[in-house]
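Just below sit the structures, each encoded as structure tokens.
You will see two complexes here that share subunit A, one where it goes with subunit B and one where it goes with subunit C.
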Partner chain A sequence: MTSEFVFATAQYDSGDWDSAPLLPANIIDTIARYTEIPVAPTGVVVALSDDRMLRYPLLYLTGHLPVRFSDAERRNVKRFVERGGMLFVDDHNHDIDGVFHKTATEEIARTIAPLSELPNEHPLFSAFFKFDGPPATSHELNGWGDNLVHKHLLAVRRAAGNRIAVLFSNKDYSSEWNYHPESKRFLTVDNTRFAVNLVVYALTA
Partner chain B sequence: MSILAYVRSVRTVLVIALAVRVVAVGTLASLTMLLGAGLVDLVTPLGVVTRAALLVIAAVAGVATSASLAWRDRRVLSLERVALWIEERFPSLEFTLATAVETGDDRVVDQRSAEHWTTTALRRAARVVRAPLASIVVAGIIVLTLPGGVVARMRAPHRGDSIDRATLGSRTNASRLTPLVARIVPPAYTGEQSTTMDEPRDVRAIVGSTITFRGRGKGNGIVARRGNDSIPAASDNDRWSIALRVDARPAALRIVDRGFERIVAIEPVADAAPVVTLVMPSHDSVLRAPTGRIALAADVRDDFGIASAAFEYIVSSGEGETFTFRSGALGATRPNNTRASVSAALALESLDLKPGDVVHLRAVARDANDVSGPGVGTSETRTIRIARHDEYDSVAVEAAAPSDEEKSVISERMLIMLAEALEKVRPRLKRDSLVGVSRGIAADQKRLRRTVGEIVFTRLGGESPGEEHSDEDSPSRGKTMQDMLARADSATNRSTDPIDFSGGESPVVAVNQPLLEAYNAMWDASTELEVAEPGRALPHMRRALAAIQRARAAERLYLRGRPPEVVVDVNRARLQGKDKGTSSVRQASSASDAATRRRIERFANIVELATRNASAAIDSLLLLRIDALADAPAFATALSDAANAMRRGRSSAATEALARARRLLAGAPVARDSLTRWGIVP
Partner chain C sequence: MLCRLAAFALLGWLLGGSLIPSAGVRIERASTDAIASRLPAWTRVPAGVLLQLDLATTPDLWVADWLAALAHSGHAVTWSGSPPAVAMSSEAIADPRGSVRIDVAAPPGTAVVIHDSASVVDSVRVSQLGATVVTPLAMGTLAGNAGGQRFSAPSPDSARLRAIVVIGNASWEGKFVVAALEERGWPVIARFHVAPNVDVAQGADVPLDTGRVAAVVAIDTTVQSLGAALERFVRSGGGLVLAGAASLAPATARLALGSLGARTRPSVLPTDTIGLGATGFYPVGALAADGVVLDRRAGGIAVAARRVGAGRVMHVGYDDSWRWRMTGGAGSEIAYRDWWSRVVAAVAYLPGAGPTVANASTASAPLAGLIDRLGPARPIAAGKTPRRPVDRRLLLALMMIFLLSEWGSRRMRGLR
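The block that comes next holds the complex of A and B.
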């Protein structure tokens, strides 16, 4: 078990789990930039069917295509959540009528519990930076997805303590954060700050 | 003379007296107001607008006073009231006069006193008008004793009359720079009216305008300095004047009288060149023959006036490195207006154009600026090209033919449909008919198979299978797919070894393997069709169709780049990298250039000065404004607003304008809600 935070991308059999390849490095850069959290310089890709996925406190899962967990994947995801891990699922299609949304939410409901709206006052939004809700992305209205600005994130919360077990986003952070960290200097406001909240929340809440 | 005639006579006297009194009182009311205002103006100058308003108010007050007085005494027009007025003064009449006026019978009236009625009325009238007339005389005397300027300024207020304003007493050592009047005469070509300003501090004038500054007193010793130029004042009838012409550059004019100085900022307004928009022709063209007329139209607008407008053309002839040019103009007009539409027609025959020649067309307009111009505006240029005889008509677009695979898919699908239809009606057909139709489909299938075979072998560089000369039992029929692929691979000189199809196949094989599969399936299908078994042929035909479609898909490439593997330098992100920073203290570099820094410094000094000496600060603001006009107009405007606000004593507006100027000078503050790294723009 390593003492530093390792950003883990979940690999699953059914879809394009690697559709945001630059996102992990960008988030690691953000964590290093704003926090004192010891962080590994590179992320890892871990298969959901592999027991090693249980080592990581936060798993990031994205894609465009249908999500169908195998039995092994389903079993591990359930164990991961039961052990206190936080699964962050982001719909790369940002489309509530899209196949990823429909299949992933169905799979989460089947594996863990149905998703519900996460209030914008949830401690996640003030875990590090203060947000009034999930920060909007430049991709939500780009004409490809459902063309909605999604006001809320979805989540499965644990019975005790209101803590998030699964966080589901239609905001398409996978597109928003999928760029080389060096390009961050061209932004007036760093758009990856919410990722700090995610990591800090996953590690502390 | 009858009694009623006496009464009417009295009424006339009373009416005239009332009229005189009404006019006198009204005039007195107006005069009193104007005199009061004039006396106030003598002490402290009143503005043009205030004086004009007071003039109107005085007139209205006079009219209102007269009207109210006339309304109050309106009953003087009534004979009955006049009769009663007489009865009051002659009680011996005992209301007989009133009765006579009412009844028209004057026999009841004692006529002995009638002679005195008019005299009494005249005395009364004289007494009534005496006081107002005397007051008017007194007011007139006061007006005559007032300095001339007071009356003139109140009678006809206008800009520039401040130098006519009288003052109480005279100080020989007083500045001759106050009051100061500037008269701005724009250049004649603009057709603009001249304007006058009192106490000018900031003058905007068209380049070439003449500004004449005028003040009271003789001009000896008064000098205006603009840069290195000194302009002495001229004297005329106890008035001095300095005239200068407005240059293209902003300037601060310092007018000096002994130890007194005034600064006037002169901001030139440039005359813009005409804006020309070519309306027709609306696009470039290529003509097959140099004939016909081309309609030309253009819209022109200018800020002061368009002196001339025309269309210009240039004809370029030749090719390679040898070109000749001819030019000309047409449709010239002199609109003498700020907006104009120009039109003309260009006859191509008149230009004697040859194939390959190009005519360049544009509209040109000149304004009437005879000072710094004329300003010339041109439209965009259109070209009309005459096509060469050997020039290919490039407009034709031919639709691309479908690819061979596409055609094969369509054909195979059609054959499947025919076979399905035949299988459906098979029970109702005689054997001969069934065999005939089935063999027809088989022939088509065979033709299609040969086409697919040619695609494969032509693409692979090998020879055609030559099956046209073989029948069903020919040895070539026995070639397996692997044999044929081995031939294909051999044709590409890749290897002479047998191909391992289980994995790692070459792109050549990957693309053509489905076609070969289709080729074999078609062979099996045609065999079944030859023996009139369309039902058994259909699975082979469907296999062939699926194989062709796989071949189509195999030729579509979907490339996906491998993203770079990024290893984040955590220490660098945390500013814990190589920079140890012990040898020198790091300082943030200044965000602005040297000129802006100097300007910031000046601005700070002015703000500091404003707390001690507002007048000096205003002058300094004007000088800084002149300096900033050329490259920072928004900043200059803010400075002007600040100076104006300070001059009017509006401290909050001045503070707001100064704050705006500071923001414009230093750049807007950037709100940062995230940490930044050195050397990286956040």
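The block that comes next holds the complex of A and C.
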């Protein structure tokens, strides 16, 4: 077993959990670029129905299709959050009327607790880089999906310390960050910087 | 010359008589049950009467005090019997929940019932090394009863807790240690290193002194950044937990429990349930002479502690205890939280609560208190015939006459 940070993508039965296959490598590259956090060079995919998902206290979950957890998935996700894990869910549709948003938020409310708006002053947005709120994605600015720039992320927070247990995004970071790390050099501003905040926050808060 | 010798002989007899009870002295006897009712009468008896207690258990504190007062006022008070040697002490534990630890000493095998001013707290059978009971709450006076022998200790005030500083690299281990301590109620100041010149801080940065900080938990060698302040803090009473490989930091060289061995790496199957230390730890290689082993495993010493100055240092070799919390069996997150809280409580600086006024009718160590007041047991055989004692005033007058005669004789002979 290693003490490196391992980027873990959640696999679930009901939808297209693997819709952003390039994202893990890109985020791993970003963490290695900006921080001294020991990070595993490759990510892992872990089934929510498998107890081994508890080995990865930060889990990334995305998709376009309806989300419906099985009993085993629901039991493990509940246990994961109760023990201190953080679940990051990103709506790959970028559409608050879309099926992913509706079903995933409903499933989270059923399994853990209802989501609520995360204030833009939350420590997540200053954990490493300073942001005024969740950074907008090119997909939002181009008017895709629901044609909205979402001002807030949603979250389920713990009673102790106001910490995030589940983070839900309609920003479609799954599309924004789904490219080869080598392509970062063509960007004026690295659009994966918020991922550093996400990982640093998960590791320190 | 003869008169002087006679005066000294009388003086010696008086001294001897005060140390060795005479067979002819009148003796008043009382047992444990009767002593309290006999005290008023004993107070009025002449000083020459020997007061003898036959004790199955040690009397209450006020009775012992009364007897001590009689002894100080010239009465000869002695006691015999074999009351059980019991003792009790209580101490506030450095725990946000305000727990109290009660330590009981009694002969092995003794059953002791402990209660406070409200109700029974617990019952315990004493082993070879005594017994310890931890209770989250104690009201008023703590009292114990061991086969009729009563003893007590004042309930301590709750500990006033300072912050715990957790320092390390950004990692799951640091995150979950902070989470465990906060969930337990500890005020935590965390500082995690993320990148060159970038630390993530939680809580106000405070100077490292026992007025503000109770203990430092070093997750890894980043504790080096505290420099010499760390040793000053520990020597002045602060606590230090050196987790994982934190002992390798030069700043801990004079604090560590010993050299650090290579990390153990036991084989763990994917299906194994993870417990504390199941995934390996950093053992202490050569333990310091004053180190105490608290947890020894197949790979070596996993947990050990020592005192440094006024503070305490604990080596906790585990560097991924978070796996126990996340992937352990049912209830592992609670066990993990309790374990880390106990580790911190064991070293945390606990400011004194000031003198506690005991408001009890029984002593914390009744037999020791009795010996302190009346001296050790001095059994006197029953059946000895009491004889009227010689009036000591008469002896004094005789001594004066002898000495005056000596003086008069010398004056008449012209001697000085």
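Simple rule for what comes next: the second predicted complex is superposed on the first by the 200 of 205 C-alpha atoms of A that agree within 3 Å, B and C clash if a C-alpha of one lies under 4 Å from a C-alpha of the other, contacts with A are read in each partner's own complex, and residues count from 1 in each chain.
In the analysis below, a residue touches a chain if its C-beta (ideal position, glycine included) is under 8 Å from a C-beta of that chain, and two chains touch if they have at least 3 such contacts.
Remember, predicted model here, so these are calculated numbers, not experimental data.
After superposition onto subunit A, the modelled positions of subunit B and subunit C are compatible, with room for both. Within the superposed three-chain model, A:R83 lies in touch with subunit C and out of touch with subunit B [touch as defined at top].
By the touch criterion defined above, A:Y34 lies against subunit B and subunit C together after alignment on the C-alpha atoms of chain A.
Taking Cα centres throughout, subunit A sits at the apex of an angle toward subunit B and subunit C that amounts to 140 degrees, reported as a multiple of 10. In the overlay built on the shared chain, the residue A:T42 is in contact with subunit B alone; subunit C does not reach it.
Of the two partner chains placed around the shared chain by superposition, subunit B is the only one that A:P21 touches, whereas subunit C remains out of contact.
In the superposition on chain A, A:G161 contacts subunit C only, with no contact to subunit B.
Using the contact criterion defined above for the overlaid structures, shared-chain residue A:T188 touches subunit B, although it does not reach subunit C. Here's the short version: in the overlay, subunit B gets within 11 Å of subunit C at its closest Cα pair. For the contact definition in use here, the residues of subunit A common to its subunit B contact set and its subunit C contact set are 34. Contacts from subunit A toward subunit C in the complex involve residues 1, 3, 5, 34-37, 51-52, 54-55, 57, 80, 82-85, 127-128, 160-161, 200, 202-205.
The residues of subunit C lying in touch with subunit A in their complex are 169-176, 179, 182-183, 190, 192-196, 198, 200, 202, 268, 270, 279-280, 319-320, 322-323, 325-327, 332-333.
Residues 21-22, 25, 28-29, 32-34, 39, 41-42, 129, 180-181, 185-190, 193 of subunit A are the ones that touch subunit B when the two sit in their complex. On the side of subunit B, the complex with subunit A involves touching residues 563-570, 573-574, 673-675, 677, 680-682.
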